[in-house]
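A short worksheet on the structure shown next.
As written, the chains take the letters A, B, C, D, E, F, G and H, and residue 1 is the first residue of each chain.
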Amino acid sequence: MSGEYTRLDKDNAAVLLIDHQAGLLSLVRDFDPDTFKNNVLALADLAKYFNLPTILTTSFENGPNGPLVPELKEAFPEAPYIARPGQINAWDNEEFVAAIKATGKKQLIVAGVVTEVCVAFPALSALAEDFEVFVVTDASGTFNAVTRDAAWDRMSAAGAQLMSWFAVACELHRDWRNDVEGLGALFSNHIPDYRNLIASYTALNSGQ
Amino acid sequence: MSGEYTRLDKDNAAVLLIDHQAGLLSLVRDFDPDTFKNNVLALADLAKYFNLPTILTTSFENGPNGPLVPELKEAFPEAPYIARPGQINAWDNEEFVAAIKATGKKQLIVAGVVTEVCVAFPALSALAEDFEVFVVTDASGTFNAVTRDAAWDRMSAAGAQLMSWFAVACELHRDWRNDVEGLGALFSNHIPDYRNLIASYTALNSGQ
Amino acid sequence: MSGEYTRLDKDNAAVLLIDHQAGLLSLVRDFDPDTFKNNVLALADLAKYFNLPTILTTSFENGPNGPLVPELKEAFPEAPYIARPGQINAWDNEEFVAAIKATGKKQLIVAGVVTEVCVAFPALSALAEDFEVFVVTDASGTFNAVTRDAAWDRMSAAGAQLMSWFAVACELHRDWRNDVEGLGALFSNHIPDYRNLIASYTALNSGQ
Amino acid sequence: MSGEYTRLDKDNAAVLLIDHQAGLLSLVRDFDPDTFKNNVLALADLAKYFNLPTILTTSFENGPNGPLVPELKEAFPEAPYIARPGQINAWDNEEFVAAIKATGKKQLIVAGVVTEVCVAFPALSALAEDFEVFVVTDASGTFNAVTRDAAWDRMSAAGAQLMSWFAVACELHRDWRNDVEGLGALFSNHIPDYRNLIASYTALNSGQ
Amino acid sequence: MSGEYTRLDKDNAAVLLIDHQAGLLSLVRDFDPDTFKNNVLALADLAKYFNLPTILTTSFENGPNGPLVPELKEAFPEAPYIARPGQINAWDNEEFVAAIKATGKKQLIVAGVVTEVCVAFPALSALAEDFEVFVVTDASGTFNAVTRDAAWDRMSAAGAQLMSWFAVACELHRDWRNDVEGLGALFSNHIPDYRNLIASYTALNSGQ
Amino acid sequence: MSGEYTRLDKDNAAVLLIDHQAGLLSLVRDFDPDTFKNNVLALADLAKYFNLPTILTTSFENGPNGPLVPELKEAFPEAPYIARPGQINAWDNEEFVAAIKATGKKQLIVAGVVTEVCVAFPALSALAEDFEVFVVTDASGTFNAVTRDAAWDRMSAAGAQLMSWFAVACELHRDWRNDVEGLGALFSNHIPDYRNLIASYTALNSGQ
Amino acid sequence: MSGEYTRLDKDNAAVLLIDHQAGLLSLVRDFDPDTFKNNVLALADLAKYFNLPTILTTSFENGPNGPLVPELKEAFPEAPYIARPGQINAWDNEEFVAAIKATGKKQLIVAGVVTEVCVAFPALSALAEDFEVFVVTDASGTFNAVTRDAAWDRMSAAGAQLMSWFAVACELHRDWRNDVEGLGALFSNHIPDYRNLIASYTALNSGQ
Amino acid sequence: MSGEYTRLDKDNAAVLLIDHQAGLLSLVRDFDPDTFKNNVLALADLAKYFNLPTILTTSFENGPNGPLVPELKEAFPEAPYIARPGQINAWDNEEFVAAIKATGKKQLIVAGVVTEVCVAFPALSALAEDFEVFVVTDASGTFNAVTRDAAWDRMSAAGAQLMSWFAVACELHRDWRNDVEGLGALFSNHIPDYRNLIASYTALNSGQ
């Protein structure tokens, strides 16, 4: 069953952030709100840190679904931003797919709300077109753990790889020596336990 | 591992509601009763909304298993209704299979009580006859999460796709523009958080 | 430590529904949304069933907190409805307290969102003025179980009695013979397991 | 805050089993069904073992609430058995209170379904009449842990003592030497881990 | 991915009960003891009910692992009983494999303690020899849910089918009409909720 | 049991932040790290917002316990900061108590790590000297929920009031009209669900 | 409600270890076995560290309950050791009470198996004789969290103080300066997170 | 789907312990600290017991990640120890891979911190080079169960086998008769329930 291990490659990967909208976020209950907010912003920060082409899309943002979370809009002022007129599966929106293909990347890092629809549908569509799909499980949210587990099973069976934002960052970075400070800052900003390790380390060193 | 993504198609799908009986429901403990009732009625409403051929079946409804939940009977007054004389696997009942085949549909959306028997057995039978099977995981209930997980594993390994009623509705609908009001009403009636979003949105708009 | 057992008395009780607003409900995460919606509506139904004077109040309903849940507004068209201009503790609003005192009742059945503020503050104020306070724990929601537990402890220590909507209904009704059908309908509409018992019972009886 | 420790005394205690009916048991979801059944039968067995006067009562057993669990009926063929015509609080039934007072006991060991009504109401009534009340928490069941916790808080604040069936048995027995075999059998029949200890012990001893 | 659905066949199935020993059971913590005991005895009862050849085996039963649970020994007085002198994987014991092969059955229903060793090892060995393997997940226990999940993953990946004892019974029985009373008794004895359904049903019918 | 309700009063309250040190935080496991960090910073922000005198203290910060979390140090550059030379109960440090008494406040809002020691000990000491003590339960952390529950019970029994940071903020603020923007910003910065409500509200209003 | 805060005093405290027997430990399921073992040994180590008089007692240790855990026997070779001939409540054993009174201490630190019997009964007896009782909640175990919660409620209501072994150690030690190394070793041996802090600290310091 | 069952073979297996560092361990929250420490040390003990070649590696151990846990360093004084200068995936370190290949073993038993990076990355790399990979799930830790589950899914899909340390020990040992004492000691030292079984057994036997 063993085969090639095709890793995430920062020169061949794009990030898709799908429907992280202020209204829809009230549906997300498989994560604590503080944790989920942190995970989504960590994913945004890593996309920026690695200069990955990033594509934003929303569904009906003038209606009850609400606007894209402001932090994401601010993080990617130049990014393609597709306010879909109605397609539920973002992949059904030609502009969205065109934006992806324009990046020339074959690895798609996907996160969104809610997992079994806004993430799973485009993930399955992308797999069918031979993209490699990496689902950022902890930056994708849904109603509860039962619907999440079903969505994971469906995507995994179709060939998607399930990852955390931390694993994505590490697989892209490969070697700390590429930039110790940069990666350390990313972790310190989004992993309180790591920040504490750094604080203790720094205090000890500076104190001597 | 990637392949075709054959989506649920409202012109090619039928719904099977298996053994949602008043007595048997007392066995369901992997969902909170309020949640489970809501999920089952949401699935019924979506079946009606999309005009999907729907088939009802029960097991021994004059005995302790109890009658079909009245709401389901009322929702589908014209639907084939097979009170099985004894077959545990509904697929062993010729009338049931004939009703399915009479719809001419190849995609079966299945839910029932209890998951590892009333859902899993016909799901495995249908897969063996080359139907596509979509299990509505949150409208199917059983004794506890352990037996549910085992049932999911068995069905998934055989090729069934695990979904939530919400994912089923979205994959069938494809595009909000097909009917914003209709889908919105379905969600509002069965997702309290979504109803609240609409209430806030409407109040704000009407107030100005 | 034993003393008098002063029961809820339907001739001496009023219901306070505090800040069940469409926006604020997105903060409630110590209950599943389906369950919480059902509990709140059950409390509303019992208030109507027992003809208890009921007082509604909201906080900033034209802002992000959102409007009162429409079902509650419709359930009590004649009820005093105090849209507080800013007081966080509803008891700080003179109109609210006046409405309560106008009922002449000394037993207050209180529920609201969020528990440690909108319920606890007026509960503590009412206790200090020698009302008897009955908190409907399952129709009151908050951020998580930790903050709920702290709020319960604070209210209980001050003399509030913690109840469920079901216990409130039963303590008010006293004897099924006062109205079997009415109480049965209340339970059937809000307790799926009870509805199933009735469905099975009715089917068996009617079938013979 | 320290004071006298009045223990359960087998010469001064009676057992009240309230509304353990086949239908109502489907409402109990704060315990796994296997565990709850075992706990209730353990309490019955200990009542018989210690020859405690035991009083059974039911509510509407010809309706959807269903009959008393047959095992309890068989366990206490001679016990007072009050089928209440409608009173929700069993203490409102004169026959029930008379049966209790006829025992001459001042310590009441109470269990029932559901906790916040069928247990809490008579417990509070009994405390108000200066009985000592010991609630068997694990032989009393209700909708979920939230409503249970509220019920416990209310009863505890009024002076009830919360116990498990095992603690009740131990406090009544006082000293193993009063009957090693009898108490051992009670535990072996209702505590699988204890049964296993005995099985290993016996096997080892008999093997030598 | 769909293929044949080879069901459990009562004429082609044997049951393997591996290391349900009084000492080892103290290691089982992924199930409540009451529930686990009930599940194991339910599996034993179904094996007897369907007259399935059943094979018992133990590991070091004269040492700390303790004797086979007495109920199992009594249930199968004629069954092959292999007290393994040391092999951890029962399949490494020739006598055990010979007993299985002597049954002539190709479907093995397996349960044991602990899941990742006493169940998984022989399951993997049997699959390698082209037996069909059905793991009774709820009659197999281990240290905690984490080790259970890993064991399930390993067995499932190798082709084992994960089931509950209830699903096994239903798949073997096929049709209630083969024996309503017998199957009903099996369920009534091991599923308290089902027993309650029957009790209510019987009471209602006999009362009229 | 009812009595006076003495509310938190912003003119009579001081905040004690005890041992939130980078090393000790690795011991906190009764909260998710993202949530706990957010709660502690929310408490710091509210202390600043209400201009409450705030006192910081640490234990052995040059050793493995690590330095005070930098964010707290920065938030209160002028605050009394007592690096205790060894006293475990901060109240045993004269400088700490003097700093408290110098504020002239009688209401103490206390949080720290770990709950049963760094919070409970000074809380009990302060109560013994007739301070009113308000424990910020969600900005205090410890090893697990079991030790937390025991600590809560001990403090509550001694007269401490258990609150969340949100309840503290609301009880201090009293009326939104005192400063809508300020309180809204505090909530928006620390309650993602509330921030989303504001984002949706603002977008809707600005879009029109 | 505030009053004196009488702290644990190492010159006035004794430790009671009740029925930590190899067989009975298989009944303990409200703690993970690794955690519980660690907590009990931590309590033993602190008793030795502070030279507290310690009293051991067992119930029927030649029968299925099994011997005292060997580590405890070895830890206290000189301690009074009362193998009770049958009394369930250790306080009913005159030798046990005499041993306690012989210490001349008025503060009793109590832990045992199972919580609601072996801990609660002597705790209630000791309180009735005006001892101060400190229950070490995490070194006391029982069947499940439900029975534990009931036991805690009963003991707390009678005046017992609920603590963790860590809180006991800290309250006895008062000031790190009394012996930094000793207390640090106790924590390092029983709190892995603390051990890690020390390891990191030491490595950093020694590396420079 | 059945195929060969290639078991762990003590003559063909090596152990990789990756990044169990004092600082990084503070990130591990999917296991209780006591349990995780025990599992890691159990894995170390079994590696030594079976004389498996063992390779240690760390990441940045002079920085905040902290030193290798001292117990592991002491356990394997002669083992290859690769302090990686920056590679996140240990397999990217040539020295590490060379050390593995120098063992000549084709079965790799892998554990580390954190699971989705330090374990998953080298596991996927090793599978791609046709090693057999056995992940020790309970000696590998990460941020929470969600990220663990995703990591397991990714590794399992690529062909890794998920095991517990106990299963690894049993599959390596094959037959108790190879060394009863040795394996018994390993289990007694790391499984408290097993230690208790042995203590009871020994006491009973020695007492006669």
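What we mean here is this: a residue touches a chain if its C-beta (ideal position, glycine included) is under 8 Å from a C-beta of that chain, and two chains touch if they have at least 3 such contacts.
Protein names from UniProt, one per chain: A, B, C, D, E, F, G, H = Hydrolase.
Please read these numbers as outputs of a predicted model, since none were measured by experiment.
Chemist: Going by the contact rule set out at the top, which chains touch both chain C (Hydrolase) and chain F (Hydrolase)?
Modeler: Where chain C (Hydrolase) and chain F (Hydrolase) share a partner, that partner set is A, B.
Chemist: Does D-G or D-H have the larger number of C-beta pairs in contact?
Modeler: More C-beta contacts join the chains of D-G.
Chemist: Work out which of A-G, A-C or C-D repeats the contact pattern of C-F, with more than half of the residue-numbered contact pairs in common.
Modeler: Repeat of the C-F interface: C-D.
Chemist: Based only on mean CA positions, could you tell me how far chain A (Hydrolase) sits from chain B (Hydrolase) in angstrom?
Modeler: One centre to the other, that is 31 Å.
Chemist: Report the inter-chain centroid distance for chain C (Hydrolase) and chain G (Hydrolase) in whole angstrom, where each centroid is the mean of the CA atoms.
Modeler: About 43 Å, centre to centre.
Chemist: In angstrom, rounded to a whole number, how far apart do the mean CA points of chain B (Hydrolase) and chain G (Hydrolase) lie?
Modeler: That pair's centroid distance is 54 Å.
Chemist: Note the residues in chain B (Hydrolase) that touch 2 or more other chains, in rising order.
Modeler: If we look for residues of chain B (Hydrolase) contacting two or more partner chains, we find 23, 26, 32-33, 66, 191, 193, 196-197, 200-201.
Chemist: Chain pairs that touch, all of them, please.
Modeler: All chain pairs meeting the touch criterion are A-B, A-C, A-F, A-G, A-H, B-C, B-D, B-E, B-F, C-D, C-E, C-F, D-E, D-G, D-H, E-G, E-H, F-G, F-H, G-H.
Chemist: Where on chain G (Hydrolase) does chain D (Hydrolase) make contact in their complex?
Modeler: Interface residues on chain G (Hydrolase), with respect to chain D (Hydrolase): 23, 26-27, 59-60, 63-66, 85-89, 92, 114, 116-117, 120-121, 124-125, 127-128, 130, 143, 146-147, 149-151, 153-154, 157-159.
Chemist: Could you list, by residue number, the parts of chain A (Hydrolase) that touch chain C (Hydrolase) in their complex?
Modeler: Listed in rising order, the residues are 26, 29, 32-33, 144.
Chemist: For chain E (Hydrolase), which residues count as touching chain D (Hydrolase) in their complex?
Modeler: 22-23, 25-26, 32-38, 61-62, 66-67, 69-70, 191-193, 195-197, 199-200, 203, 207
Chemist: Flag every residue of chain A (Hydrolase) that touches chain H (Hydrolase) in the complex, lowest number first.
Modeler: 1-5, 7, 31, 137-138, 152, 156, 161-164, 166-167, 170-171, 173-178, 180, 191, 193-194, 196-198, 200-201
Chemist: Can you list the chain C (Hydrolase) residues touching chain E (Hydrolase) in their complex?
Modeler: 197, 200-201, 204-205, 208
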